[in-house]
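Structure record follows, encoded as structure tokens.
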Amino acid sequence: MTAAIHIVTPIFTKGVRSLDDVRPLEKFGLEIRHSLLSTGPASIECEFDEALAVPDTIKKCLEAEAAGADAVVIDCMGDPGLNAVREVLTIPVLGPMQTSMHLAAILGHRMSVITVVDSVVPMIANLAKLYGLNERLASIRVIDLPVLEIEADLQRTQALLAEQSIQAVREDDADVLIFGCTGFLGCADAIISALNAVSINVPVIDPIPVTVLQAAAIHNAGYTHSKKTYPFPRTKAIRGYSVPGFEVAG
Amino acid sequence: MTAAIHIVTPIFTKGVRSLDDVRPLEKFGLEIRHSLLSTGPASIECEFDEALAVPDTIKKCLEAEAAGADAVVIDCMGDPGLNAVREVLTIPVLGPMQTSMHLAAILGHRMSVITVVDSVVPMIANLAKLYGLNERLASIRVIDLPVLEIEADLQRTQALLAEQSIQAVREDDADVLIFGCTGFLGCADAIISALNAVSINVPVIDPIPVTVLQAAAIHNAGYTHSKKTYPFPRTKAIRGYSVPGFEVAG
Amino acid sequence: MTAAIHIVTPIFTKGVRSLDDVRPLEKFGLEIRHSLLSTGPASIECEFDEALAVPDTIKKCLEAEAAGADAVVIDCMGDPGLNAVREVLTIPVLGPMQTSMHLAAILGHRMSVITVVDSVVPMIANLAKLYGLNERLASIRVIDLPVLEIEADLQRTQALLAEQSIQAVREDDADVLIFGCTGFLGCADAIISALNAVSINVPVIDPIPVTVLQAAAIHNAGYTHSKKTYPFPRTKAIRGYSVPGFEVAG
Amino acid sequence: MTAAIHIVTPIFTKGVRSLDDVRPLEKFGLEIRHSLLSTGPASIECEFDEALAVPDTIKKCLEAEAAGADAVVIDCMGDPGLNAVREVLTIPVLGPMQTSMHLAAILGHRMSVITVVDSVVPMIANLAKLYGLNERLASIRVIDLPVLEIEADLQRTQALLAEQSIQAVREDDADVLIFGCTGFLGCADAIISALNAVSINVPVIDPIPVTVLQAAAIHNAGYTHSKKTYPFPRTKAIRGYSVPGFEVAG
Amino acid sequence: MTAAIHIVTPIFTKGVRSLDDVRPLEKFGLEIRHSLLSTGPASIECEFDEALAVPDTIKKCLEAEAAGADAVVIDCMGDPGLNAVREVLTIPVLGPMQTSMHLAAILGHRMSVITVVDSVVPMIANLAKLYGLNERLASIRVIDLPVLEIEADLQRTQALLAEQSIQAVREDDADVLIFGCTGFLGCADAIISALNAVSINVPVIDPIPVTVLQAAAIHNAGYTHSKKTYPFPRTKAIRGYSVPGFEVAG
Amino acid sequence: MTAAIHIVTPIFTKGVRSLDDVRPLEKFGLEIRHSLLSTGPASIECEFDEALAVPDTIKKCLEAEAAGADAVVIDCMGDPGLNAVREVLTIPVLGPMQTSMHLAAILGHRMSVITVVDSVVPMIANLAKLYGLNERLASIRVIDLPVLEIEADLQRTQALLAEQSIQAVREDDADVLIFGCTGFLGCADAIISALNAVSINVPVIDPIPVTVLQAAAIHNAGYTHSKKTYPFPRTKAIRGYSVPGFEVAG
């Protein structure tokens, strides 16, 4: 049993994320597809960045559904546009923060999110509250590194992630760790090794693989989002955006 | 003591809201300015509509600050783009839902929001949760009328509002009522009369006037938003939007 | 990619649940295994029943892991023994209530659980609180039918389920429905038809299939429970139970 | 547009607070009036002090309304008698803690209160809970200085305030600071300078000015408290207090 | 093992409550003492009434301790002055609402409070929140009868109580009932009979007896309130009240 | 007035707890009875241990009721089987954690639990949440000593308890302390002395004595648990357990 999972990375920056980065997830027996944005920000590190990313994220998700995807994953831990996309699509739409937080709540008692910079901390705290899991949130820690510098020195990035991960367990009493940026894709093994080296044994959630698997599971089980929570938008004039299936005001 | 309050209505639809509608607020000794969007939706009734409204809302707010406004009010009860705009502006930015809910929590024990259509109910419930006031929320009731039909038959609109307002007090035990759409501007007196006619005496919050007054009070007291919560966005390439002060990728 | 998922039904009653009932889940490309209890209650409808089911549930789960299962699912919506089993196993252990509630929180705003009898209502309310999702719980409704009578007249069971499901949406404003007893396995299609017939379109979660798929996804993604939350029990004398791997006091 | 705001300081101690201290607020275009108590404590630092302050606070507020005030502000961060006064008055009655906490929730993500002594900490924690904002409360910090010693060495007071303010931001992750005693009136500029000197830029709420401005805004917008939450007391015999408008038992 | 429990009824109205009413509690092997107020309201039905009751309640409790009581019970479901009295006394001080709500949380899942009039509903809701038990509160129901009319027609009072009690169980799903006014002392048997007559079997908490027994249990176990939460008031001038042990300003 | 309180210690280990340890509680005018388990674990330090303790705990509690006990206390801070036992008994059944947490909430603002080992921390956190008191929980601290080693060097045990108790007050701001293991019975005086020596004056709850007194108070006041929350189990076949009054399947 398989599924075609379309990953939409809500930035336009080619070097940061391409199909090659996520195609290894096909090892799970899935077909992986990928889009970058045409318009939007180079990276997402605040609500302003998110706001400019969402309109084209919606468009790319609509195109993914039209192209036959079985489910869509938005590739950013701010879950930008998650509910808006759910309104216009009928296939399952997953955000990696929502999916990772619910998984973490299943795997252990308290979770910590290790993320990039201070400016995303209130956004993540708000998402935890909206998802109803803020009582399980042990801490949000930052490595103080902008998204576009993650790959510049991956060894240093992993060292910073390991340092904050260890502190999250020791000082904040976290039982499960979540990478707070999808740009950390592939770093989990290094962090687990660093944790093991100091005798810590907790799950480290690398969000995109688990979100892709969860999207496939939801599709295979025959579910999609509640159209009572996410009804199709009322038809109305729109100016300045050409969204497939929506009329455009002059 | 006065202040120039700039109201940005995050839709492009001229007939629905113009400076003439809000200029009466100048009776409070304020200068009132107004913008509509150039790009975005005709009305806001779901998260998809909001998503398309936010980019130009940000731009119009930046222009308002550049033109010398003392504070900005976003004229929609979904508070679209509120946090994103706070990141890029230094003057106070107020959303009418956040302002009205906090005022309602001061005026009485439990509040109900009377709004337009079912599709905005989860959005309002989420805002109440984010603002920390969901334990005070008695109910969210709808009159089942799209935004653009509010003014078609204002008498009918007010009758529907009155009916739901009375039920919110009697059945949901609300102590304070909030209009859940800024399109109901000016309807408070009619609703208060209808409530008084059945011996109900509770505040009915018409969001825009109180939000404008609160914006002036915050400005006059010398406050603005915390730059620790809403830091200026990191400079980065943006494609497809020309936001004053932000570089644009080719 | 496949996985061997072992379902432990925590009652001893053969006619109610056998491998034949759950083997259809092999359509998802999984290997399904199954155990009933040797000691315990005929059905689970209160905490007393649960208490007598848990010791042998632990034993059957330990045997399932020893026999090479990739993950274990406990086949009861009270999630009996879930945390205890996690302490003694290293493979993922899933409970259908925890899994279904987290899935429901992803699929829509508010969930209702439709279950068998009044005596399980406080248990389910407590689980929602422990899982951190009680603010999302719209209602717990009962069809007032003991577990062992579910299959006696399946048509009547489905009619009762449909009646309460419709009321959960209309009166309690539920966006997603969860079957509150795994004995309702296979009834989802009938309930969805009944809901559609009155123009209601919300997901109806049949817990065992989604829990089995989620167990496979967690296994395939390489995760298991946090050993910081669920550490192996300290070795000590036990009297009256022979648990594989634990010493027995005389 | 103006308003007459009457400030009732719920202690009898003349040197600590007089009309001269609050008359500068008339710069906001308001008329400021002021009362001290005739009976009550010299300062308020615990619930016992509050209890003895409330009866005469009620009387002074009734007198303020009778003298034509447009709104009343109770000048103590314990908000003593706030709800009782609302029951007997028809004009708006504001407490500086409630007003400041709601303003802080609008200005940033998490707030800290910097107050005088340990004995008021549980009172403030209880108010945050009652006002529904305890999830936004980062910390309550004390400078360990009794109210009546604040003005003895104002420089030292401000140094202590600055020290705790810096720690509230750095150690407790506060985004907005609130003075937890109205006796700190006028200290905000010094604290902001001290924060800026260590590169911290967060709002520092000096409660009385913002509460006075908020009282004027509520009056000007035409609102007062819900008489459903704060109904007029049932007429009954009272012994030992002469409250204007209430009968006195022999 | 015995204890001297002093009950302070925080009103001055002799006919309503005297030592004769509470002396039957001596059947529990306790010595029961009793005081009425010298100054204060005739009954307590709102926060204004409470405010005027608290100063003399403090004085009567101080006198009770000086006279050798082992513990004090404040005889009103608003728990007026509870924390203030704890500050000035060293013996245990119990409030019947706090005690009853914690007992109800031990006896069953959800509690309802059946009380006198609408004006006390927000007060009770606030107490439930402060005591941390609002998630267990099924409802607050009123019989719409002022305190001083409870005894005028006791049969009618009990009929009203029975009616609301039955509805609390049937409509609000309450598992335990609490009398929301200590004036209902002695009515529990009649209500239990009325509940049994319609096949309802839930505990009905008559607050004063259980609070007196709990006060004795706390005294006998050697506990009293935390002086970290309720420290002795700082010595300061007080005007207009002569509180034993506190200096009085001229 | 007296009562026969039966204490069931849910382990089989004779040296750890016998009637001699709890008979001193007869000084409160009570008759104390005691049982150990016949089958179960040597000590309880995780949910696995609890699971194996509960079936015989139920049996011993049923026997206690049959033998004429007035109330039952389960002698473990995990409150194992508390709700299950309440279902099958009609006399009051008390758990020391539930009773101690509710008492602590009455005695002061925030509580800390000082317990044995890390593995019980999530269990205690879950109980605090279920009992609705997690917002009052300042911390759960461990002395890192297995249950069966508590008495090996009682002086060292008390030193460790004192150390964590002092830190709970100083670092976590606890106002009341609770022993998180009933094996610490009798250590309160030593800990209070150690606290007093560093000028800390907070209640230290030794759970068994207060739970026994509370059980007697509930019995004497004529209450027992709500049969709506804890209904008698439906009659059904049980295999492998002989529970008095329940039929056994072959």
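As written, the chains take the letters A, B, C, D, E and F, and residue 1 is the first residue of each chain.
We adopt the following convention: contacts are C-beta pairs under 8 Å (C-beta built on N, C-alpha and C of every residue); 3 or more make two chains touch, one makes a residue touch a chain.
Note that the structure is a prediction, hence the values are computed from the model and not measured.
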item	value
Rotation angle superposing chain B onto its copy chain D by C-alpha atoms, nearest 5 degrees	180
Equivalent interface positions on chain C and chain F, same or different at half	same
Farthest chain (mean CA position) relative to chain B	F
Matching chain pair for D-E (criterion: over half of the contact pairs shared, by residue number), options B-D, A-C or C-F	C-F
Euclidean distance of C-alpha centroids - chain A vs chain B, Å	30
Distance from the mean Cα position of chain F to that of chain A, given in whole angstrom	44
Residues within chain C bordering two or more other chains	109, 122, 129, 135, 175, 229
Of all residues in chain F, those that touch chain C in their complex	12-13, 37-43, 45-52, 54-56, 58, 81, 83-84, 87-88, 117-119, 122, 126, 129-130, 146, 148, 229, 231, 233-234, 236-241, 243, 249
Chain F residues within the chain E interface of the complex	1, 27-29, 94, 98-99, 102-103, 105-109, 131-133, 135-136, 169, 175-176, 200-203, 205, 209-210, 213-214, 216-218, 220-221, 223-230
Chain A contact footprint on chain D (complex, rising order)	109, 135, 175
Chain D-facing residues of chain A, complex	122, 125, 129, 134
